[in-house]
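Two complexes follow with chain A in common, the first pairing it with chain B and the second with chain C.
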Partner chain A sequence: MHANVETAPKSRTTFMKLLIRYRTLVILIVLMTVFSLLRPVFIDPKNLLAILKNMSYVLVVGLGMTFIITLGGLDLSVGSIAAVVGVTFAMLVRGGTMAPIPALLIVLVLSMLLGFFNGFVSVKGKIEPFLVTLATMNIYRGLALTLTKGKPVPIVIPHFADIFGNGRLFGVIPTPVIISLVIFAISWFVYTQTKFGFFVRSIGGNQEASRVAGIEISKVKLAAYTMSGVYAFISGLILAALMNSGLPDAGRDLALDAISGVILGGTALLGGVGTMWGTLGGCLIIASLNNGMSLLGAQYHVQILVKGLVIIFAVLMDNAFKSRQR
Partner chain B sequence: MLVYVNVLELSTYLLEDFVSMDEYVLELRNISKTFPGVVALKNVSMNVKKGEVHALLGENGAGKSTLIKILSGYHQPDKGGEILINGKPVTFKEPRDAIKSAIVTIYQELTLCPDMTVAENIVLDKQNEFKGFLLRQSDYQVIADRVLSALGQHEIDPNKSVRSLSIAQQQVVEIAKAVTSKAQIVLMDEPTSSISQSDTNKLMDIIRNLKANGVSVIYISHRLHEINGIADRITVLRDGELVGTVNNADVTEQDLIQMMVGRELTNVYPKRDVQIGDTVLKVENLTSGELVKDISFEVHKGEILGIGGLVGSRRTEMLEALFGLRPVTEGKIYLNDEEIHPKNPRQAIKHRIAFVTEDRKKTGLVACLPVFENINMLNAQRPSFAGYLNWAQLKEIAQKHRKTLDIRVSKIEQIMGSLSGGNQQKVALAKWLDFSPQVIIFDEPTRGIDIGAKTEIYQIMGELAARGTAILMVSSELPELISVADRILVMQEGHMKGIVEKEKMTQEYVMSLATQKSQNPAENSPMKGLMNDAR
Partner chain C sequence: MRKITLIASLLLVLTLVLTACAPTVAPTEAPVVVEETEAPVVEETAVEATEAPEPEAVVNPNTADFTFVGEPDVVFDLNKWYGDVGVEADVTIRSAGAARVPDVMTTAMPKANEKYTIGFSVYYTVDEVGSMILESMKAAAEEAGVELLINDANYDQNAQNQAIEQWILQDVDGVILAPCDFTGVKTALDALKAAGIPVVTLNAPLAGEVDSLVIGDTVEQGAIAGALLEKAMLDSGKEMKGTVVYQTLPFVHPNAATRAKGFVDTFTKYPDIKIVELTGISPEEHYTAFDGALKAYPDMIGAWGLYSSATIGMMNAKTANNSEVLLSSVDQDKPILKGIYDGIIVGTAAYSSIAPARWCMSQMVNLLNGAPIPGVLFYATKEITPDNVVEMFEYYYPGKTLQDYIEGKVQ
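For the complex of A and B:
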């Protein structure tokens, strides 16, 4: 047994290290290669753009979730917030009651409040974020359903669907893709280049150390959950624009898909470690899986089954590598 | 000016002092701190002058760390006490309040973020000094480079993650973090507990430098000679109470020891005389992955084998491998000349090996359950009809242990968490005794318990040894190790550095084995012969 560890050639260990470091990318490339071989249409640029478009609203929420999970937290309520965003916006602008811009601002503030509420209850009430957001996931969904009596509210203002949903920049790139990539760039910057990102990583890595370093842990957490609300707002707008209506049922799978993407991207559920690039890769894996399996004719129930298996596989691989690192 | 009073005649006295009050950068008045079940500090008053190195001295459990944690805002003192900074009363609700008062702390437990880089850790508590929202990686680099080279640590790469460093290097980073802060008072809780002698010397230079710049340093250490070399004044605590404050120049080490331990020095470690018998446990080249390497030793009937080493020397990990909590990747374990392969604790227990763990709260006890259920944690697993538990009988067993081990509880139904550390430790031990273990592993058996209870634990260990039990005892307290153990195995970073026989046991020698550079142990060791013998 020891022979393997001790006499392994240097090059092999550096290879393993690279594999560990870029495991998300490796999975993604393998997956895309397999799908391309089975169904060449998979790598058609049109199809790739479709993958990016279908990924956009999950990626946006996943980027916010990366902050939350790095903090050692969890936000299950983002899908419900996205639904609230869609229906309240649709209701505000219905029949020309309100101009689109003020309506957007009101909905933005509302989504921030919903996110803030998650953080506030969790921080001040000293309750696990998992429990808090499990509860608010239902509360916010209930809110969306109650407001609309369970029925979709059509959005009839011009340009909305073009800007957030089905429009294309230069007639080629779907606008949701642009939006999600801009949000990605901003998130990467905040995560790696600002004090806020630094504090998020340090609190997740060692909360006590951060406390004795004088960092205001409550403020950072409240800010992160409020931000998660903003990410859900953007995601909710994309969802509403794609459907051209506010659906109280929108985003049912959103939180879990985003969490899966974040985990596949190598962000540790215990907090402290993560990257935005990883989250991008993780969300791409999930979107490619969905798309590829559809091309292969697999139905939804088979798709989620495979998705679950891939997540377990990725986490197992993560653990195996981690124990090898020590 | 300052009157030295003979400490042997007075148990508590105050230094007569003619310095005007406003020269004190820090004053503590009647500080007390009570934790559930334990009074950690009782009415402690002390003061610190500007630019002074003030040592805090006392045995484990004397309350030094609690005092430091109150000063750093980590704990809040009981009502009635007062803390004054530059003559003004302050209340610290949070560590950040202390930082605002320019009090910086090196805690005993490491307070680093393992997945962040060295430089990031060093600047973590200084973000208020940088304006704006953005990080300034190049500034951090400069700060880290400067302090690390001042500390003579050219091997530590500021861009490496802290996780990849050795424990000693992590301790250096902790020091670097503290000494780069803008501070008027620096609190150091055993900063040298896991670093080498040369690193310690560099730290002493830095302390002198701080002092020259008017910074006050409160310094905790077990090592008297270290304090001797650096301290201006020394405050001694014992069992949470103030013994006194003295000028370093006026006292000898012997005086300080007397102050620390009081009159009971000779009674702390009761003598015992046990016939040492046949080998019970024999370990050959025990290896567990990358953590524990090549450990060999024997323990005999009635023998107490001490296991020494610094924090991070992986003594606990080695014991865990013995007990089936970690895989044994190489090497052999023999019990009474028969090879055994404990793959999990259950199998180890079947071989009648007991493990009294270091962290009572985490692995020793179930704090929310009553005492008698904790005592019967193993007994309840004995075969019984349809899983039926005869609680009347089990309570009787608990009563028996309560009597023989003198576990002080009002009733055995009392909830575990409300007991004092010493009584908790006795319960943690009691649960193993009905299996008449052949080998008992004690991991830091006296951590966090008061002196009286410590003596009782040593007595119990002595009795177990007299009954023919082989005992392994990890301890970080050298006096304890030297007084209680028959031989001491010294570890460093998972490797074995030697076994010290009774006649060679001195604190200095054990320490030198535990701290010497790992690259080439034989070269800079004055004890070449012994190292070879031990291997």
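For the complex of A and C:
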């Protein structure tokens, strides 16, 4: 009898622990269940693939953002870099001015430079990354608008849209899904299995201790922001391919969606802790929310309200998780 | 325990909010289905209606409201229309003819031959025009007896493209689309074409194929705003010499480009007038830009806000500077109409937010019913000046008065 009395609270505690530990998954399942009940087409395999496709460019940037946030930083400029990527590539290949491959390489280098610039100003100028990338977000957006004089630039080269945007592997899986999952696998490997990933987590967890341990903090930060530029490059190509054009206004909400996805996935804003799987789950939540609310015909004000509630909910669960760990 | 309670409460709130979304798209009630007809395959009907019209085809019940511009059997050259203002376009319109239509239909809204499901994606609803278009579309859907699915894209073309993908999955009968990005919308239009789903757009895209467009004559809107300003300048005895500032968007928007052409053309006959273009997006940005311009151009004799945010920013800057510069506008947001009433704005080129939605629905239902439709419908533009602003307020905002607005009784 006595044993039974003790078992009930224990199992409840275990259940709560599991619930909080797998909070990202729990939120995702709850959302998917609610949307499926309200709109059965939500769980149609084609719609689920559409969710994955529309998550792809956010996930790619979110993976880069996971490194940055784990470092204790932030990169608000990724959406603007993605816009620069799209318009620059479109302008380079327009009218056969340049072959696609060299154009891609030039744009890749450009996006790395833009990412590097963020890191350089932040590290060397000892300025908060939030402030630096807030500024460069405007600078890079201004650059995209100036380059194009505000005009969208159509991309008319063959196969570009198929490879990066609207193509399907085996006629089923959208190519952006494949690209984003490959990037996910690489990112997971770098984050968890390499020295660089370890350094990132160490610096975010305790910068002073990392310095004492001989980690070259500046180099790691510069590398992470440069990598963020590369992630924005891939995301920008997907966006441009989905739109068949380089749009100077593209990726307007990209940074905030990616940051939301990373936070929903359990990466701590203060740095030190993060998971790539969590980011994948967080971005899936964002994409499912976008998709589900679109199916419900929710107006924009309802959409942002719900997104905000979900983020607060996730952060509260995150806090509950940490307090239980303590 | 407190945290868990808080989490549970939030979860409950979230679920309630999501559930509350559901009625938004609940199928609108079909009033009465006019008659039972043999249900043809919708896609085939659409193609037949646009590509191979039969002599005995269904008559368009709205024809009496059409005043054709040019030959009814010739496809409107939208690419040239845009090309004339330096905007590249590659649009194919599947239906022939272009017609002007009145704000208020003198004919009846066509009834759907069967319970069509139509998707409507609106570019945004965060201002009064967008909200009114959405509400008017819902009302028109109910009147026509169709089920309406809604998407609020909030100026995100990718979100709009996603909604189109979803509607294709749901096998909708037709789509009405107010594009967010006039080029990026091509992806959605291509997908609809591949799925064989007819499409009517509110505003004209720059690429892709559509069955029909419902648009304002934006060149005319700019010309009216120019003429209003010109008249005010002449009436006030100003020497037609100095700077005229206008404010537009910082990126190329076809409606802005066409409006600007209409406005600028008005002043080409005055060689001593220099036209200066400034840009911004929000009213605050336009305020700041115009505040600076009032100081930078002491010879400024006139100004124009190309759209509502521009005018609202400019009129506040004008008031703050006690400036005598004459200001005209396009759009009929309530603060603009109050500005006209207060004498801050000389007039505006206005258009209904209800009529475009009704005409889009009429075009789509006629198309699905198998009736021939014009490829382009131009909805009306009207002048609003201090002389008619009180009446026009009630015209554009039925059931509301300018006086009530000024007194804060209506939003």
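The definition used in the following text is that the second predicted complex is superposed on the first by the 316 of 326 C-alpha atoms of A that agree within 3 Å, B and C clash if a C-alpha of one lies under 4 Å from a C-alpha of the other, contacts with A are read in each partner's own complex, and residues count from 1 in each chain.
Going forward, a residue touches a chain if its C-beta (ideal position, glycine included) is under 8 Å from a C-beta of that chain, and two chains touch if they have at least 3 such contacts.
All values reported here derive from a predicted model rather than from experimental measurement.
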Combined model on chain A where chain B meets chain C, clash or fit: fit
Greater residue coverage of chain A in the superposed arrangement, chain B or chain C: C
Geometry of the superposed three-chain model: angle at chain A (Cα centres of chain B and chain C, steps of 10 degrees): 130
First (chain B), second (chain C), both or neither touched by A:Thr226: neither
Touched partner set for A:Asp249, first chain B, second chain C, both or neither: second
First (chain B), second (chain C), both or neither touched by A:Ser122: neither
Partner chain(s) touched by A:Thr24 [first = chain B, second = chain C, both, neither]: neither
First (chain B), second (chain C), both or neither touched by A:Ser288: neither
After superposition on chain A, the shortest CA separation from chain B to chain C (Å): 12
Complex contact set, residues of chain A against chain B: 1-2, 5, 192-199, 201-202, 205-206, 208-216, 272-273, 326
Contact set on chain B toward chain A in their complex: 72, 74, 94-96, 99-100, 105, 107, 111-116, 120, 124-125, 127-128, 130, 133-135, 287, 289-291, 329-330
Residues on chain C engaged by chain A in the complex (per definition of touch): 3-4, 6-7, 10-11, 13-15, 17-22, 24-25, 124-126, 134, 149-152, 154, 156-159, 161-163, 165-166, 169-170, 181-184, 186-187, 206-207, 249-252
List of chain A residues in touch with chain C within their complex: 16, 30, 34-35, 38, 41, 44, 46-47, 50, 54, 145, 148-152, 154, 165-166, 239, 242-245, 247-249, 252-253, 290-303, 305-306, 309-310, 312-313, 316-317, 319-320, 323
